[in-house]
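Notes follow once the structure below has been shown.
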Amino acid sequence: MNPISLEALAAEVPDGAMLALPPDNSLPSVALAKALIRRGVRNLRLLGVPVSGFATDILIGAGCVTSVQTSAVSLGEAGFAPRFSAALRAGTIKVIDATCPAIHTMLQASEKGVPFMPLRGLIGSDILANRPDWKVVPNPFAQEGEDPIVLLPALNPDFVCFHAAMADEEGNVWVGRRRECATIAHASKRALVTVERVVPGNFLEDERLASGAINATYISGIAIAERGARPVALLDEYGFDGAYVSEYARMARSEEGFAAWCAREVFEQKAQAAE
Amino acid sequence: MNPISLEALAAEVPDGAMLALPPDNSLPSVALAKALIRRGVRNLRLLGVPVSGFATDILIGAGCVTSVQTSAVSLGEAGFAPRFSAALRAGTIKVIDATCPAIHTMLQASEKGVPFMPLRGLIGSDILANRPDWKVVPNPFAQEGEDPIVLLPALNPDFVCFHAAMADEEGNVWVGRRRECATIAHASKRALVTVERVVPGNFLEDERLASGAINATYISGIAIAERGARPVALLDEYGFDGAYVSEYARMARSEEGFAAWCAREVFEQKAQAAE
Amino acid sequence: MNEIKLEERIAVALAKLILDPSAPPARHIAVGAASPMPAAACWLVKKQGNPVRLSLLHKRSGNPFTEGTRELFDLTGQGRIDLFFLGGGQIDGSANLNLVGTGEWPGMGVRFPGSFGSAFMYFMTPRTILFREEHTPRVFVEKVDNISAPGVSAPGVFRRGTAQALVTGRCVFRFHPERARFSLESVHPGETVESVREATGFTFDVTGDVPFTPDPTAEELALLRGPICDEMMETYPEFCARVFGRKQAA
Amino acid sequence: MNEIKLEERIAVALAKLILDPSAPPARHIAVGAASPMPAAACWLVKKQGNPVRLSLLHKRSGNPFTEGTRELFDLTGQGRIDLFFLGGGQIDGSANLNLVGTGEWPGMGVRFPGSFGSAFMYFMTPRTILFREEHTPRVFVEKVDNISAPGVSAPGVFRRGTAQALVTGRCVFRFHPERARFSLESVHPGETVESVREATGFTFDVTGDVPFTPDPTAEELALLRGPICDEMMETYPEFCARVFGRKQAA
């Protein structure tokens, strides 16, 4: 699989797609989120696996998003996600709340090819009360009593985007211990991946690398994006840029501030890089 | 976690335990199986994940086993498993047939802490007909019709034994891409692991090794057993010893032949090693 | 020695609750996102020499999870996590938690980040210690606007445990699941039963004289400000800068 | 050129069925345990230049699965595997498979190894090609003693596909799920419709003249005996020694 350009990768995502994104501790592709903003994608239905962070907030701020299914949206130590909060208040996005293991479970159901999976907990929560698509049934294996348990439907996103450390010549990508990216790739129709670099060989033939690799069979497109997770950390390669996120959090408090940030960090940076 | 002796590790398994074993392509601890025979364990309830191989056949031959739940028992190119077949015919073991993904699914249910998980397929098979513990229910999420689907109960073995390439100072073990060993460890009450060697450091602090590691929190005991998977292959470290298994298959056709093999390969080898 | 910071006091109070001999043992504790005070408390317990395994969800180097973020919930589902910590944008007198937001669902008043794993963890962990520094009637309410995780469950609903206690900027409450009410365990220096009552939107029980929450010892403060801050710098740099005055190396 | 081995003929017949233009495309094929002839057929398709991804369950070096053996079944559940191969200790005229054993459950007559993943894969793969070299009335029976995986399912039972064909040491059968019967597609050189009928315990359909299964070409044989044998030596050393006369290096 030959890498394509970041902009070509972004062009693969049509308006209206359901797009799964890992959060700020698990290899989001901020580079691809910025490219999606530049491409002007609209009506994305985002899925936070299991929560949402920086990439989700900038996509919302840029007007690319119509709904967010997630278990939380946060900028970590920089606080609440400002464009998410503003859009929720303004009614411009629909928010579908879940709880972390429920998101994982719905994706695991797709990974396994079953229509649903059960999950403990949840009963008595307003999250459940606001999810008409989740069902409570008696546990058919209960020793005694009804033992109600929640069944969650399989969730099959159209796309997942994440940032891997590297790809190999065969199109396998390497995510180290962040194996939730593998689960999301298994559960999604297509996986678009940015990488720091492409290396020779085949990860699957290296016993040390195989377990952190995602087989090319799940990968639909790869683009090289150096520092593509920034400001988020990438495994042992680079750390979290707290100052960058704090500045964003400050500027994005207002729509104008976000627009200025976006002009500078999404459009100008790209123009500079292209020079 | 300090390694203990192989014989001490075998002593941890009480008579009557349900013991999960990976098959011949996925890091069985043949060394521990032999130590269990020497210890004279009785009434083991074996679980093949998802099938059974050499270690299961020798444990059955030595009279350690009362039942086997598995999706197949085979010595690969060396053919049918002779002591398994003989014990089934003689009625000295109970055989509970499953199908590979059903074994994985029952363990994944335990891994997730749910009482059951669904699985497609199976309907119309006599495997299902002979599993009163498996249930068929209408899919509550069906678009139309009843859409019957099988629910499998969580399976929580008392022990799992496998052979990892190495352990570190913290008691984490490394299995490379054979990650089913992690799932079984998660799903079992206790995991007893033999390793080729113990190395300094902490796999979880090495991004290259972390994804193939199983956290010490799941591991109850470790013993060093060099070449502990033999005659089975160990990742990229050593290959399958087909001649050894063929000789076993030949000798184990009869009870006397098995006894001779066992005396030589299980008891004498140990005595020699101890000299 | 500098003055005792409120965060330090809360961390030490949390550590005492972790070690509470009347509770089932905490052999394996998990700490979720955005929880620097609980993380500090766990490190304190560990650095004091108690045998405990810590799984810190947001640790970057040496992160304990090799199955991704799913593993914390699986571990808990397996019954391997003995203790977890939860906060809340609102917490009510029945220990119901609201991490979603005020007003109409899904938080059309003030939106909080969201439930994270609370709607699962609160059921599946034998012990949960609740924490929230801001102790005001807008946080501690009679009834939460939205329940992200309920404090108690109907009979027959599978549940391993609930809140053990609630540590705030003013006091320590104990939770009594059998009557779904809090009682006041201790008040921090400078507070009284009355001042706590005024700052709390829910009613709670008071039995006899309520002691002061003991001050952190010099040894505890030294551990927090030294080796524990070292451990936490990577995950919580802003917290370490604010509370311990430690700046990250450039 | 040496004489054509029956295994080579079967592998080539399997390869032709893989490429059958009337069937949905086989972009991703999985091969399970103990299946050297299907593995050889897949390699033949690939070495002939067809774009196909092979996932060989028992490959040791470069094994394609990084989630353990579960991943093959998950991949199939996801609908990503287009074609799989199954054999059987008994196969009947409705394409029911018995991999468990003859006589009373669980095989008190002759015990076979067991069902492996057949009770799942046969339902969840759009195309299954059946193979069994031994073509005798004890293998191809009117009705299997025990069904490890059924050839057809009742309406309303979720099923993506079933048998496309059955390749034996004597012939190639086509399967017709709508009437749950096999028809004779070709007979291997030396066989006739009558000799096949005599060796088969189930009835099957015959339409018009039944052609001979074409011989493997010189090019196909060269691929099998050279580069394909190279690929298979690690996983199937005994098969390679027996069929291709290749001994493993000491």
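Here the chain labels run A, B, C and D in written order, and each chain numbers its own residues starting at 1.
We take it that contacts are C-beta pairs under 8 Å (C-beta built on N, C-alpha and C of every residue); 3 or more make two chains touch, one makes a residue touch a chain.
Just so you know, these numbers come straight off a predicted model, no measurement behind them.
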Could you tell me which pair, B-C or A-C, is linked by more C-beta pairs in contact? A-C
Return the distance between the CA-based centres of subunit B and subunit D, expressed in whole Å. 28
Give, as an integer number of Å, the spacing between the C-alpha centres of subunit B and subunit A. 36
Need the CA-centroid distance for the pair subunit B / subunit C, whole Å please. 40
Can you tell me which residues of subunit C touch two or more of the remaining chains? 61, 63, 65-67, 73-74, 77, 124
Multi-chain contacts in subunit B: which residues touch at least two other chains? 108, 112-114, 119-120, 147, 149, 177, 179, 182, 204, 210-212, 236
Once the touch criterion is applied, which pairs of chains come out as touching? A-B, A-C, A-D, B-C, B-D
Looking at the complex, which residues from subunit D come into contact with subunit B? 33-34, 57-58, 60-61, 63, 65-70, 73, 77, 99-100, 105-108, 111-124, 146-150, 153-154, 156-158, 234, 236-239
Please output the residues of subunit B touching subunit C within their complex, sorted ascending. 110-114, 182, 186-187, 202, 204-205, 210-215, 217-218
For the complex, give me every residue of subunit A touching subunit B. 105, 108, 112-120, 135, 137, 139-142, 147, 149, 151, 153, 175-177, 179, 204, 207-212, 235-236
Could you please specify the touching residues of subunit B with respect to subunit D in the complex? 25-26, 49-51, 70-74, 76-77, 80-81, 84-85, 88-89, 95, 97-102, 104, 108, 119-128, 130, 145-149, 177-183, 233, 236, 239-240, 242
Enumerate the contact residues on subunit D facing subunit A in the complex. 28, 53, 55, 61-67, 73-80, 124
